[in-house]
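Report on the following structure.
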Amino acid sequence: MAEPMVRLHGICKRFGELEVLKGVDIDIAKGEVVCILGPSGSGKSTLLRCVNLLEPPEEGEIYVEGRDICKGQGSGTGEQSWELDFVRQRVGIVFQQFNLFPHKTALENVTLAQEKVLGRSKAEARAKATELLERVGLGDQVGQYPDTLSGGQQQRVAIARALAMDPHVMLFDEVTSALDPELVKEVLDVMRELAEEGMTMIVVTHEIGFAREVADRVVFMDGGVIVEEGPPAAVLESPREERTREFLGLVLDH
Amino acid sequence: MSEFFNQYFDFDYMGEHFWEVLEAFLQNLLIFAVVAVLALTWGLILALLRQLPGRKFLPIRFLTIAYIDIFRAIPILIVILLISGGVPFLEFLPKDIRIPHWFGKPDPFWYGVTALMLVYGAFSAEVYRAGIEAVPRGQMEAARSLGMSHGQAMRHVVVPQAISVIPAPMLNEMISLLKDSTLVSVIAFAESVLISRELLAQSFNSSALILTGFFFILIILPLARVVDRLIARNQGKITRGSHIEVA
Amino acid sequence: MRSTRLTALLAVFLLAIASLAAAGCGSSDDDTGGGGGGGGEPLSVGSDIPYPPFEQGKPGEYTGFDIELMEAIGEKIGRTPEFKDTSFETIFRDVAQGKFDAVISAATITEEREEAVDFSNPYYLSEQAVLVKEGSDIGSLEELDGKTVAVQQGTTGQELAKDELGNSEIRPFPEGPDAVNALKAGTVEAVIIDAPVAQNAVEKSGGVEIAEKVPTEEEYGIAVAQGETELLDEINKGLEEVLADGTYTKIYKKWFKLEPPKAIFSAAHEAE
């Protein structure tokens, strides 16, 4: 088997007294789409944020493309020893709250880091941004400021912004949870296309339908550990664990 | 009652000394202008030092916070007296710095400017900080996750947004600064309050002080209205942007 | 959230009340202190404190040449002085307006001031001193022309500097001690100030010396509001008594470490 794209091993994370992750192991292969499900407080978002060191773990190892990105770091405070540049140029993230830069237009949101981080020329960055914004269906909105765009539009700009950095892995942190129901589909459609193009994706979501259709693997988390994982058909249709059944029962009722 | 008006509102007396007092008031404006530029810069530096992340910068953060706390706590008058009475004794400094006489301004001017800068740097650092902390955490996270350094994220993402909420409280600080420029009178710098008291000592008439007060009102009232409008504008902004804050 | 804000507000409010209460206690201490002997109606006396060695000390414990002399006079005339610290610039206006009954504040009798208030017979003959840094080569007032000179705002020293030093930068400090500090710091080259104040600075602070004493024909007087002849007569009578019975000499020697000039005895008589 080829080297996994992302490997998490024995990840533990604490917020003060609260133990959020209690030793999580997971490998994600290149081109794989993994959906992480679980009740709120299960640690799924924290796990996702560990992957690009937004929440550095206290214990455990994270490998991205075979490289230990927390090399030599034990306590979560030694930022010097992290491979920040390495990980953040390979791993893109999209947030629940979009986090677009409100003082920049859609286009500028997508060009800023290209110019400042990758050193691309203005023209190069613009061309790339225009292409990506067209791809997410916002070719006619490039000059708009975030507060004049709908939530769905903003989230698509955020996806384009992350893609502009040419990531090898994309993280999606409940990206549709803050959206009005009628806007969810346009964002999921963009993600589905991305998956079809072969992007490695880790998706924390409540959208069971999306997980069923798009995911190669579904991971169910609860209480800071992985309870059950497997192909969507297996985990979603015939879960082995009682906790998974309970959760799915609650979610699918709606 | 008429005694009161003769003492404080003798308009003939004000007319006689109008230009003298105005000229002294211009010295207050000069102190204000020089200190405003210095303190706004110094305050921004302090605020940014205070936001440096990680354990590596802990000592810098600690020193910055200590500085800000101390200079916000000491009465400005004491700082002025300390600077003017203390700096000349720092013999390791060249004489031109111990007893400055730059751009045709005597040493008390520069002692006053230094003292006010030290204090208002601390106050404006707090205003910047409030602005920086008003920017949602997600902005910093988004910028960092795109690979920007802390400095780049501050410069291109956080500070530009912080700037939009800063003007109103900062202008309030600047109004205080303008008024506090009169404290430099204690070290015999000829600004408006010193000159007014000088006139009082000569003539036993206090109207020059009231005239000085008029000058301050004339400058500050319009500024206060600007503050009101900035506050109103910011409130509008928050309401417009609120749909982003769906939890 | 709301309740913590309320608590904070309440704390600030209580602090303000406590401050007011403390201030209130302080001022009542002032009223009872500084008296001694006398009986009769108290005499409120304004003075710009500190101006050592004429007036100095903390509220309630004021002392100095003026203070002790006023207390001695008060004892003779049966009025206990109660001292009020006030600003020199406004002191004559305030006594004229009746804010206090009399002023003793190392105040020189001038024609200008006599337009606003009435003065007692002279109780002190003053000189101005040119105070310089120890080892300075400045030896006299004339040599100061063109140099930076500190004075105390509204004093005779300032007048003298204005009259004699046309080419100097004169810096009027609101408080005398700050002018002496500026001299020690080297930001001014001399201070022109009342001789006893200068003498006091030489003794207490060190590092400074008197280059020259300049006689000014200045006489200090106790000021009262115009038309208060009855009070003025009493003060003059008390002053004459303390001069005659040796109290004056005792107080003078205590504060100036010198015999009083003989002229003061005749000066106080002449005016009668």
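Letters A, B and C name the chains as they come in the text, with residue numbers starting at 1 for each one.
Assume a contact is a pair of C-beta atoms (placed from the backbone, for glycine too) under 8 Å apart; a residue touches a chain by one contact, two chains touch by 3 or more.
Given the structure is predicted, the values throughout are model-derived calculations rather than measurements.
J.: What topology does the chain touch graph have (line, ring, star, complete, other)?
T.: Graph shape here is a line: each chain touches the next, no loop.
J.: Mind having a look at which chain is the central one, using mean CA positions?
T.: Of all chains shown, the one whose C-alpha centroid lies nearest the global centroid is B.
J.: If every chain is reduced to the average of its C-alpha atoms, which one ends up farthest from subunit C?
T.: With centres defined by C-alpha atoms, farthest from subunit C sits A.
J.: Could you state the distance in Å from the CA-based centre of subunit B to that of subunit C?
T.: The separation of the two C-alpha centroids amounts to 36 Å.
J.: What whole-Å value do you get for the distance between subunit A and subunit C if each is reduced to the mean of its CA atoms?
T.: Chain centroid spacing, subunit A to subunit C, equals 78 Å.
J.: How many angstrom lie between the centres of subunit A and subunit B, each centre taken as the mean Cα position?
T.: Result: the chain centres lie 45 Å from each other.
J.: Listing for subunit C: what residues touch at least two other chains?
T.: Residue numbers touching two or more other chains: none in subunit C.
J.: Subunit A touches which residues of subunit B in the complex?
T.: Checking each residue of subunit B against subunit A gives 53-56, 136, 138-139, 141-148, 152, 156-157, 160-161, 164, 240-241, 243-244, 246-247.
J.: Could you please specify the touching residues of subunit A with respect to subunit B in the complex?
T.: Residues 52, 54, 77-80, 85, 88-89, 91-93, 95, 97-103, 112-113, 116-118, 146-147, 151, 154, 158, 161-162, 165, 178.
J.: Per the contact definition, I'd like the list of subunit B residues that touch subunit C in the complex.
T.: It is residues 3, 7, 81, 84-89, 98-99, 106-108, 185-188, 194, 197-198, 200-202, 204, 206 of subunit B that touch subunit C.
J.: Across the complex, what residues on subunit C touch subunit B?
T.: Touch residues, subunit C against subunit B: 88-90, 92-93, 97, 116, 148, 150, 153-154, 158, 169, 171-175, 178-179, 181-182, 185-187.
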